[in-house]
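Just below sit the structures, each encoded as structure tokens.
In what follows, chain A forms one complex with chain B and a second complex with chain C.
What follows is the complex of A and B.
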């Protein structure tokens, strides 16, 4: 059963990434397809990264856009004059990630002493501090004028491809790390932190360490995505690079798809980003599209309040349990069972 | 004093104008099942929280295993062999029963990056599940367990790290009579295997047959200490429970 589930997981990943790898080759000349997909994949990668902290650890950071901006500005500042053949900005991304992760450590250490709503407020403060710095630290960031990245010397017909594939690679890395967390004691420890941090301390979980690992890794990933974004759009302005909407995007998509799941953030991004593009296209430049965008979110949350994937798997499990005839009302009858080993095997299987 | 596993020395804790724990000192002898009893509001749970580092003492310290600690921290104490359960049976409901045990078993830094549940972990946890007769529930999300089963699971989990001292906060509160017997049996078995217990409990019959010595707390300080039989006739104790 376990092996079968693992195989289904592998097949799902291969199909998903296989299709995404092929799409540009098929739709090569239709720019808007790859363009929309780049932003969809970008948000999938951002949401997957945010999920490490917001989902697995249960710390709803609203400050992640600060690290997105950090990555964006790093690339824009380093490659302001020249991009050296075009691929160097991608090559230095791991260094950007390490830098952002190191910077995130003291911030996370302080912020993660608070919890839940206070944590959200503390982290959103980080975001606004970063934005203010970006606006006012003129000598480095160029202030409100922003910074530009030197144009990439890619062939016009396949101009999007490098950005597309690097973004896809970042999504794969984010999902790979997400999977790695789930399979190791990091994920197990994070789950205890999310459920009951006090109790986690009481059974010797290295709470601070795992929280900081999740926070730093998450911020590093987000910074890399920000770097690719900066290179792709070419211009970095404070109001777009350190944008609360980017944070909100990550959070909404993760909530929509399912917090603390591997595929939930990806699913959320693949629903919301195209929906947003579609509504923006339909309703034009007015801000009306935001209503439609919110409506999609509200409808799904109304019917699947825990996010799409957890709600569905919950329902499936209940159905299966009902089919097995073990709709247990799990009260004292069940506790008596454990005192009588003979009565044990009464169909408590999964 | 060398046979004392835990000493509480002059613990005091004030909440605003209320002194919840007042210059409280007592010791727990190695190998004993010591009971901590007292009327409601006498400071038992506050004391538990102070000993295990969940609540900072205004003054005082503990000595555990010969080491004096003025600012106990829950995770450190747990790794040193002092573990506790909570009154409301705190487990991790989203984790499976076996994962609840594995995470409480402790791991090294290297282990943190190792498998979520390794074969070794599985074997250790299954052994514990067997002892507590919870094998059939191993892979169930522990949130689906009954209250009594949760209490058993929490108890089993804190034993995973092979502690020398276990603090149980009302282990039998709110569970059925069969489960009380089960709990008592496990405490006795583990005590016979060398684990020392400090138990807060309201079920006096259980205290009288299971524990020795008994520490009686009133208004944040011990008023009596001794064998159950002597405690029962102590005039100070009667006054604390029944009023004068």
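What follows is the complex of A and C.
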């Protein structure tokens, strides 16, 4: 049974990435398809990274956009004059990630001394600090004028492809790390942190270490995505690179798909980003999109607080139990499980 | 020296208004254990209401407090009823926090749609009037804003200390479970408490519009300051938030005068980080209550 489930997982992943790899080859010249997909995959990668901290560890960081901006500015500053053949910005991405992860460590260490609400406060403050710095640290960031990346010397007909495939690779890395977390002790430790940190500490889980690992890895991934984004759009302005909406995007998509699941953030991104592009296309870029975004967010919080995937797997499990004629036991078990959110969130939903 | 004292006076007067906004936010946290990220947006919303009342109907900004405050009280109660009460999940705290974040963005979206994103300011005829006391400038608007804040805070204090509702609120803040066992209607206290929080934001917002130029995005600025104030004061402690607001008002105003206005923003962030490192429960925070 377990082997079967694992095989289904592999097949799902192969089909998913296989289709995404083939799409640009098929659609070819139609620019908007790859363009929309690049942003969709970008948010899928961002949400998957956020999920490491916000989903598995249960620390709702609102400051991840600061690290997105950090990555974006790093690439923009290094490659302001020339991109040296076009592929070097992609090659230095791991260095950007390491740099961002190192910077995130002290921040995480301070922020993760606090829990839930106050953690959110601290991280949102980090976002504001980053924004203030980006606007005012003129000599480095160029202030409100922003920074530009030298244009990439790619062939016009396949200009989007390198960005597309690098984004896709980043998504694969983020999901791979996510999977690795689930399979190893780190994920288990994070689950205990999420459920009851004091008790976890009491039984000898190295809570600070695993929290910081998750935070640093997550921030490093986000910074890499930010770097590719900066190279792709070509201009880095403080209000777009360090944007609360990017944070909200990650949180929203993870919540919609299902926190603490492997595919949830990806599903969330593949629903919301195309929808968003569609709204922007029909309503134009008026301020109403902000309101629409907030409205979608509220609807998800109120009606699907646990996300699509956990809700579906819940329903499936109930149906299967009913088919086995043990409905009564199952509902007992379900209520017992919902009384213990940790077991529920970590064990069952794949 | 003269500049320093002038900055301190300015800081105290500004701090009073922050105290008003922060007291509402900390009250909401005390009752519901929710950090209301929308508090800054409520302030900006009230500032725009005041602006409209002033420009369209010629209502004096100070008088419009009498309109905006009850109105925002009702809006706050409505929002609590519609968006926060229905949340039933494993982690209500996290969801509520994100709901208020969404609320904040939604308010910004509506405001930028209705009023556009250019900076505005409420300019009554007496906007630039000021007294000279012992050689120091005290602007009339700032002075009366401070007085208004004191009055509203006094009313809030009396409501909490002298009424049955106030007793229910204090009981809920201290121990929600026992309060409920003693017959306090938690739902009602939450709704009224959220309304009160929004109402303080409204009365502060009316004067905020005269003291600062603002646009729909101003709430980011405000909320980062308010969060520093409530964390410094100890989440849930109204007295603490008043003291913290005055301290931060003076600190940022002195830094702004002696160094540069950019660094005054950083004063808040640095204080916040120091508080979290050295004394995470704030100046007057209770030990285990709430999130820390």
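Criterion: the second predicted complex is superposed on the first by the 310 of 350 C-alpha atoms of A that agree within 3 Å, B and C clash if a C-alpha of one lies under 4 Å from a C-alpha of the other, contacts with A are read in each partner's own complex, and residues count from 1 in each chain.
The rule we apply is simple: a contact is a pair of C-beta atoms (placed from the backbone, for glycine too) under 8 Å apart; a residue touches a chain by one contact, two chains touch by 3 or more.
None of the values given here were measured: they were computed from a predicted structure.
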item	value
Which superposed partner A:244 touches (first chain B, second chain C, both, neither)	second
Touching partner for A:291 - first (chain B), second (chain C), both, neither	second
Touching partner for A:139 - first (chain B), second (chain C), both, neither	neither
Which of chain B and chain C A:206 touches, first, second, both or neither	first
Touching partner for A:120 - first (chain B), second (chain C), both, neither	second
Contacts of A:301 with chain B and chain C, given as first, second, both or neither	second
Partner chain(s) touched by A:183 [first = chain B, second = chain C, both, neither]	first
Contact residues common to both interfaces of chain A (with chain B and with chain C)	338, 341, 344-345
Interfacial residue positions of chain A with respect to chain B in the complex	182-189, 191-192, 194-196, 198-207, 209-210, 328, 330-336, 338-339, 341, 344-345, 348, 350
Complex contact set, residues of chain B against chain A	52, 54, 73-75, 78-79, 83-84, 86, 90-95, 99, 102-104, 106-107, 109, 111-117, 132-137, 139-140, 144-149, 152, 157-158, 161, 175-176, 178-179, 181-182
Residue ranges of chain A in contact with chain C within the complex	58, 60, 62, 110-111, 113-118, 120-122, 124-125, 128-129, 131-132, 136, 244-245, 248, 251, 255, 286-295, 297-298, 301-302, 305-306, 338, 341, 344-345
In the complex, chain C residues that touch chain A	29, 33-35, 37, 83, 86-87, 89-91, 93-95, 97-99, 101-103, 105-106, 108-110, 112-113, 117, 216, 220, 223-224, 227-228, 231, 235, 262, 265-266, 269, 272-273, 276-277, 280, 290-292
